[in-house]
Amino acid sequence: MDTRLLIVSASPRPYGNSRIVARFASKIARDIENVHTYEVDLFDYRIEPCIGCVSDGVRMCKLPCVLGDDMDKLYELVAESDGIIFVSPIYWYNVPGPLKNFIDRLTVFENAIFIEGRSRMEGKVAGFIVVGNDTGGIAVIQNLMVTMNSMGAAIPPWALAYHESDDNPIENENFILDVANVIRGVVLMVKALKGLEKPKYWYRVDKEYKEKVMDAAEHAYREVIDNLTYEQSNR
Amino acid sequence: MDTRLLIVSASPRPYGNSRIVARFASKIARDIENVHTYEVDLFDYRIEPCIGCVSDGVRMCKLPCVLGDDMDKLYELVAESDGIIFVSPIYWYNVPGPLKNFIDRLTVFENAIFIEGRSRMEGKVAGFIVVGNDTGGIAVIQNLMVTMNSMGAAIPPWALAYHESDDNPIENENFILDVANVIRGVVLMVKALKGLEKPKYWYRVDKEYKEKVMDAAEHAYREVIDNLTYEQSNR
Amino acid sequence: MDTRLLIVSASPRPYGNSRIVARFASKIARDIENVHTYEVDLFDYRIEPCIGCVSDGVRMCKLPCVLGDDMDKLYELVAESDGIIFVSPIYWYNVPGPLKNFIDRLTVFENAIFIEGRSRMEGKVAGFIVVGNDTGGIAVIQNLMVTMNSMGAAIPPWALAYHESDDNPIENENFILDVANVIRGVVLMVKALKGLEKPKYWYRVDKEYKEKVMDAAEHAYREVIDNLTYEQSNR
Amino acid sequence: MDTRLLIVSASPRPYGNSRIVARFASKIARDIENVHTYEVDLFDYRIEPCIGCVSDGVRMCKLPCVLGDDMDKLYELVAESDGIIFVSPIYWYNVPGPLKNFIDRLTVFENAIFIEGRSRMEGKVAGFIVVGNDTGGIAVIQNLMVTMNSMGAAIPPWALAYHESDDNPIENENFILDVANVIRGVVLMVKALKGLEKPKYWYRVDKEYKEKVMDAAEHAYREVIDNLTYEQSNR
């Protein structure tokens, strides 16, 4: 009955802001919300583009997907998760190509409606975090949100956070607090839908919480930076 | 502890497809989901445009709204509702002006964060139904969905339905079933968030349900048509 | 053969950022591009919501519009203009209600296709400037852009500018330069489509231009501020 | 001084509707508008995802792109074209992954602003055609339109066409006519911006034109079908 979150980021650069934020989101989930997390970056996986079998016939799109690539591992991770947190950079007011390929490939999970009677995304809970140098965050989020909802995912209150600036996202307090509340909301909703806990309130902003959150962000940031230094000194 | 749904439509014509669909949505809610409904059409209310007090200072936007118009009645109805179902026509890939005014005026409910510590929309559940002669439904829905979510509303799985055609929406079986499942999802989530009931599954499509739903649609359609005939014969 | 631009803003507050930017856009148009401008703010006009006659029959929506309100004056101004510059605040990732009413009411211009054989918006040139305290600019602009294009308007390169911050927009150099280039692009395209001038290049960023643009912005800002002071001292 | 159009489609299936429509768009361009066309389908090219060098430093993203893949050929084709017509399927209210990769990779053309003083997309003319089994066309088009415009492309009146149905697009007369007018608009605007021709009117719908267009569509459809039969009989 443990809650499991999958953190899906799509950042080409291991020291990029999206990865730092994904790391931070994981830390919040584990240390503050006490749930299991699995963090993947799609740039580490070979995900072939969806070839649209469903257009040949609605029953043609079923598991195992004919493409047989790294997506098989990701299908397992999605299947095991109660909630999915997307952490995406903003590329031309949209997700980057690899995240779009990931979403296109989730069609087989949604299309389980026609194979198994029910979408494999149904009842999972989704949250959305975007990070860019410039604007476009809402355009990205609204596409992800309506897509996940159309696949059967539930969306908790305040399921969105955006940082649209060159500045270090870790120094953007409002963003960090929004990220923490995306995680909080997803976890609360997972529990509510499992009948484990009735949410009393959603967005949390008290001083104690804020301090814990900022602290987790700081640690996550150092972890990424230290890790990079370590990797560089071992090359 | 009764569940209350507010059905908000925005149709200039009393015999328009949006109104027929709003009526049908109410009927489903009452007769199949057994919840209380209140149905309003924004074209029957005088809703002045938001004048953006919040830009003068975040604490300037608070209840009672300085505009003092028919929105006061609508604020009451929103406050009393557990869930809100939007039934909107598609005007230029967007909501019509009066629905946009309604949403802009809800700012004072969301801005309660800064006045009362919590958004008055937080934890309400929202669903989205759009009706047009032509395409654009997803563009409308994604704006409404991300907006309601940003105000604090929860979105249940499959919270969207669209009919994009000149044809009678009552004859579009997939749409009717989607509408019914928007209502179903909103009610299930209201109950889950109140800790009353744990949802077993979401999208319902079995034969018995389909028959009840199509029957309710048919009745709602006749009600609107008969009512129009009655009104015309009494002019 | 003079070029005429209509600057349409939609700002509830006479001292609001959208109005300052609209004033600045007009100044650029007149002083740098040497074209005629007419500046309106929709909040100064009574614009009833579109009642969707076109849904009763495609030939039902024709001029003069049955609503007979202040939109009649705006129809004249649109008809006389070669280009339209929208200056909109960002309200919930969308235009405010009064601007949506204005757009909905332009349907009768577009619907001239079915009455006169051609859209009255065809070949006009449009540009888009949005101003908000927070994100959502692209979501607004993409709706306006695809809408104007669907009515028959041409869109020049770089037809968009956004300022998404509490800071004074006049101090946002990139934004000011983008605004100037929206005006420049619209004027260049009007001339190209009239066969008057072949554009050599579009986005302009040289030092001389930048200085003129920043200077015009500064003047426009002072004009609005001085005017407000004057109005207040005369109350 | 010849006009060159690049038709970019992104269809995984060689017999898919997007490819048929791309073929038809090419035929219209050649036979009715008398311009050169080059037709590519992105699924035939290996296009690696953009790795975001520009985030490391604005001058890091320059030609030749470090990725050195099939995109090099596509860069040449884009560079040589006056206009680009996108023909995209609708995948989750968005473009499919490979088209998103293509767009992300065009960043280096846009970023030429910082390297060469001018975007390599500036002044090119773009048109947008989408084909899906279900809704979402406007959501796709508005993202493509605002993206191309932000890179410096001009958008002619009526630069959009959508077919959202399982039915054969060749039998959707309104769509076919819209597609033809996308091509017509792009060509007219290329000529206007080169100072070659002043457009008299844009959307064309007269009987003679309609017949030529429907005829071209029919031929294109047969070509694709015959080609498939030929390929299958030679396997």
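Per-chain numbering from 1; labels A, B, C and D assigned in written order.
Everything below uses one rule, namely that a contact is a pair of C-beta atoms (placed from the backbone, for glycine too) under 8 Å apart; a residue touches a chain by one contact, two chains touch by 3 or more.
It should be emphasised that the depicted structure is a prediction, and the values quoted were computed from it without experimental measurement.
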Message: Going by average Cα coordinates, which chain is farthest removed from subunit D?
response: B
Query: If you tally contacting C-beta pairs, which pair wins, C-D or B-D?
result: C-D
Message: I'd like the Å distance between the centres of subunit A and subunit D, where a centre is the mean of that chain's Cα atoms.
response: 31
- request: Mind checking the centre-to-centre distance between subunit C and subunit D? Centres are C-alpha means, answer in whole Å.
  value: 28
Field: CA centroid of subunit B to CA centroid of subunit D, Å
entry: 38
- prompt: Considering subunit D alone, which of its residues make contact with at least two other chains?
  reply: 93, 138-139, 142-143, 146, 150
- prompt: Looking only at which chains touch which, which shape fits best: line, ring, star, complete or other?
  reply: complete
Task: Over in the complex, which subunit B residues touch subunit A? Could you list them?
output: 113, 118-119, 122-123, 138, 141-143, 145-146, 149-150, 152-160, 189, 192-195, 198-199, 201-203
- line: Within the complex, subunit D is touched by subunit A residues 11-13, 16-17, 43, 47, 49-52, 55-56, 89, 91-98, 100-104, 107, 133, 139, 143, 146-147, 150
- line: subunit A partner, complex, touching residues on subunit C are 93, 135-139, 142, 162, 164
